[in-house]
Amino acid sequence: MYPFRNDYSYSAHPAVLSAIAACGGAPYIGYGQDGHCEHAARLIRETFHCPNAMVEFCIGGTQVNLLTIAALLRPWEGVICADSGHINGHEAGAVEAAGHKLLPVPATPGGKLTVEAIAPLVDAHRDPHLVKPALVYISQATELGAVYTKAELTALSRFCHENGLKLFVDGARLGCAFAADNCDLSPADLAALADAFTVGGTKNGALFGEALVFSDGSLCPDFFRIKKQRGGVLAKGFLLGAQFEALFTDGLYWNIARHAVKLAGKLQDSLTALGVPLLCSSPTNQIFPVVADELLPALRKLAEFEVWSKPDDTHTAVRFVTCFATTEADVDGLLSALRPLFRKGG
Amino acid sequence: MYPFRNDYSYSAHPAVLSAIAACGGAPYIGYGQDGHCEHAARLIRETFHCPNAMVEFCIGGTQVNLLTIAALLRPWEGVICADSGHINGHEAGAVEAAGHKLLPVPATPGGKLTVEAIAPLVDAHRDPHLVKPALVYISQATELGAVYTKAELTALSRFCHENGLKLFVDGARLGCAFAADNCDLSPADLAALADAFTVGGTKNGALFGEALVFSDGSLCPDFFRIKKQRGGVLAKGFLLGAQFEALFTDGLYWNIARHAVKLAGKLQDSLTALGVPLLCSSPTNQIFPVVADELLPALRKLAEFEVWSKPDDTHTAVRFVTCFATTEADVDGLLSALRPLFRKGG
Amino acid sequence: MYPFRNDYSYSAHPAVLSAIAACGGAPYIGYGQDGHCEHAARLIRETFHCPNAMVEFCIGGTQVNLLTIAALLRPWEGVICADSGHINGHEAGAVEAAGHKLLPVPATPGGKLTVEAIAPLVDAHRDPHLVKPALVYISQATELGAVYTKAELTALSRFCHENGLKLFVDGARLGCAFAADNCDLSPADLAALADAFTVGGTKNGALFGEALVFSDGSLCPDFFRIKKQRGGVLAKGFLLGAQFEALFTDGLYWNIARHAVKLAGKLQDSLTALGVPLLCSSPTNQIFPVVADELLPALRKLAEFEVWSKPDDTHTAVRFVTCFATTEADVDGLLSALRPLFRKGG
Amino acid sequence: MYPFRNDYSYSAHPAVLSAIAACGGAPYIGYGQDGHCEHAARLIRETFHCPNAMVEFCIGGTQVNLLTIAALLRPWEGVICADSGHINGHEAGAVEAAGHKLLPVPATPGGKLTVEAIAPLVDAHRDPHLVKPALVYISQATELGAVYTKAELTALSRFCHENGLKLFVDGARLGCAFAADNCDLSPADLAALADAFTVGGTKNGALFGEALVFSDGSLCPDFFRIKKQRGGVLAKGFLLGAQFEALFTDGLYWNIARHAVKLAGKLQDSLTALGVPLLCSSPTNQIFPVVADELLPALRKLAEFEVWSKPDDTHTAVRFVTCFATTEADVDGLLSALRPLFRKGG
């Protein structure tokens, strides 16, 4: 079985495991007040060229999303997101459980938000009988693997700031977004355009952990209190610091992402060459081939993957994901195994 | 500096670290649906003799407390706890942020709740203009290191169930409670008397992790949904399973606790022999000597510990904590260093 | 200016005002524990043939909707509603502020939910990473004036109960629904098919007040506590009881509704006869003519009404509403004034 | 039975009822956007000499308390209040249901907060593992009828503003506080010292209604949205405006309060003269005589009142309340009936 189910199916990159193993020895101050966290935060501020940023380490993606939104919004404020956004469809009502209405708008086929899609909703919600939109949530890369260009992110950022909205970028797969061929955004651009963004560890080689960056360090000085309140503070917080130290040393974070993107690209290109259509072309580490339903049983015997959607009555879009642990041999093996399948029928 | 600040200052017991290191290799199903979690849950059900229990792995203590309370209560229901209880004084309003009022009652000097303290509050709250008490929260061991006896827990449990209240036992330091000399409770007793309890990993040798046990597995079938919703599901959930597998193999969990309790006992006994009074005598891994305020600066140069309370204007109660990583040499060294101090002045 | 803006623009029906005026004299027990509330509840149980129902009086519509949903749901549960439903588009995120995700589904042109629309969503949400649907919210009449038939409501009710869902009927305009020509539902049918429903006072002749009926009186015995907690208990609760007593004496509630529906019907029929199209034909007290945009300024000089939607680039759907205070002369006067307008251009 | 149970047992002052009766006629804009509300708000701004204040009309006391607190606080912030405060003991967990921890501190015998009581709590909560105190809630008059002097309120206000805390004064019985003999505070003082305060209508002659005043009108520009969201907006909002217009015309609000305070004072003085002790001497419309338990049955046959507390094993403190509807004859009659009782035994 070729393993392409997810980018959180394997333990961690060896360098991350070594960093954790090296934490034995002297006792640490708890709750992230240790030297690893301090150093990792400095590395992230340097990487994203945001010397005044506040960096907070959280454990997981749903957690960091809900904490950030709950920390930045007032009770009557809502969140604009793509109808396909992770917070809308995959987090068990986490944002609503924090009291905030999601305001989903139709996204592009790749899952991106545009000013054109958002503007009418913002206008309509000037009515005080409605929730007040206060934050735009996007993912980089999106749920469908797409990447915002610098121009696109600049347009969104400008619209947000002209309309009193914060821009929050969910970077669960941020490494792969930057590793995409078509990404003309720099880390410094991201920090300049977004009010808050996350740097995902879980899906890019860590055991767990998402770094949250408030570009302006004065935006939410009390963030630690809400992190504690919602159960997001890790007693042995040095484990988060040590992992992000490892990831942001010697470019490991980017190397892991490039590896995953390269293998996903090879798989996508090869499938396309075999005539397999795509739900949408993806430049990152998730790809979405569309296969005839009758091929699914055979596919399920060959590989681990997820069923994504039903573009029509006789076809299914599936998702293959690569990560730090995927090997060239995995990709080549899968392709060899798939070729006879698609030659016959796809 | 002799390290007695906390039981979460060190990484993890070597056997736990080995278990995590052994997780490389084959890909896992995410979110705790893996074989390690399944096996660890079985070991816990066996240990506590509760074959029909539901076991859920959570990441930390504040998280598991708020999740359990939020999962079991209706919006108009409140939680009875000791005024010194962890959820009242140390969790940044986590329970209230989930919408529930805490109803603190005066505890014994050791931090224990009694039926006598609870009963009048339950009576008063039959008035429907007040919150309805629905759950009694206690800690075993308590914040002050005390341990409920079987008779005490039985009385609380009976009162709870006669009055429509659930009994929830926070076992962040459950291992040390069972390791106490005066503990006449068995694991099976705990599962029979409590509706829910936790088995703390973080403070007993794990990197992180608390196992939540619903003694009656049908009590909250949807618990996973609220765990997901509040950001408590770990993508690489196998990390929790692997740690608890290690802890409940070959009695490691109990061995770690006995080690910590033995060293704390030695320290407490020796200090008492030196004439140092105690805030309260503790049979577990936290001890609370009371020292003259003028000795604090010298003490601070010798050891890491926490200032606990001010029993009077000229004395301070401090807390020393032991754990899996504490050594006999730490205790002996500290005692040697302290002796001159207390001979002169304590 | 002919007044058709809303059904809450006027004070109250004279009989309701008299009932309030008659409340002087002896002192009352507070918080709705008085004889008026008791009597009014009995009248409602008799009217809807539900002798075991629990009747609770609330102040307003948003309040009773959020209280009912918060009272019936667990934190991880969500509410299925029409995308055009009042709780989705008009209540400032009230349900989400109570912690629950709304799951809007596409409704019929008249704003009705169907089993066909709901079933796939229920299926998809068996995944425990998503909110668990627990309640279906519908309005009778809908936001667009439509009325569920007995067959339609029966089908929804059966589907709900086969799938563990509660059915909650928002009856802010319940009187007008029963007064509709095409309504084949009896009050007893409603109580038998819905788990909870409201009997709207505000929009049917009261100063304020919505009666909430739990058909099975054991469904939420603690409802008073959550009503108190969310600020929904009126100190002088007898004011609610006295109003509903008046409304359910001598058929006043139904007479008010029939009056409003008759006049709305006359207006709708006459406009149709004038060739004015309708957004949808309505059998109740709200009607939705579609007018050319260039007629709007003239219309605004003649009447008070609300702009509803933009069915196309050059037309606007507007809403006219009748109530207890609307007179035949209002309708005739408006029609006279409109005729020249539509003859020229509409 | 002499009626002294509460100040919300009777309908409304005749002038208030007339104002409501006069609301017939022309249609109103809904939701408080009408001329009555505008005029009433202006009258209140003039009365309290706060020309830039924002005035919002709410329906009841629990509601306005929870709305104000929810509107002003961030999720990790808590509320300092007297342990005897109304929000702590009488509102069914309303503040906690909005997510905020109450931080009760011991009050004076009359229920007042002091800087001395608050300061240590504020210090202790600089620890970010705890809730951040953000607002001090007091009542004027207190639950026990006491009144803050200008010096006391000034000291609290200064401490609050030096420590980043808002000061919120619950004025459910504000009229009676100003009517107290010992009140040296002016309405302008109150507006200058408090960030927010309420002007209670329900307990001072209205059918219902509390006016909320933000002294600085820019403090919470979005208040209407949260009022809507929590079900606090009255569709026929003109009913609130009309009542407060009546109360603040020709000094009616103060006349009602003076009447109630005068009669309560007469009752308290006469009971004292009879040798009946008081739980605490009250200068407002609630008084708290302490009676021997064996007199309670006889007392219950004579009058309606509330049992308040048990100062010792053989005595009970009871509460008698006066209001706009209390007559001199009620007081004299009660006193005549009580005299034989207390001569024998009290």
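Chains: A, B, C and D, in written order; residue numbering restarts at 1 for each.
One rule holds for everything that comes next: a contact is a pair of C-beta atoms (placed from the backbone, for glycine too) under 8 Å apart; a residue touches a chain by one contact, two chains touch by 3 or more.
Everything numeric here is computed off the predicted structure, so don't read it as measured data.
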Most widely separated chain from chain D, with each centre as the mean of CA atoms: A
Winner on C-beta contact pairs when C-D is weighed against B-C: C-D
Geometric centre distance via CA averages, chain C-chain A, whole Å: 42
Intercentroid distance (Cα basis), chain D paired with chain C, Å: 34
Chain centre separation in whole Å, for chain C relative to chain B (CA means): 51
Multi-partner residues of chain D (at least 2 other chains): 75-76, 91-93, 97-99, 128-131, 225-226, 228-229
Contact set on chain C toward chain A in their complex: 75-76, 78, 89-93, 96-102, 128-131
Touch list for chain A against partner chain D, complex: 31, 70-71, 74-76, 98-99, 128-132, 222, 224-226, 228-229
Sites on chain D touched by chain C in the complex: 3, 5-6, 8-11, 17, 20-21, 23-24, 26-30, 59-67, 91-94, 97, 202-203, 207-208, 225-226, 228-236, 239, 304, 325
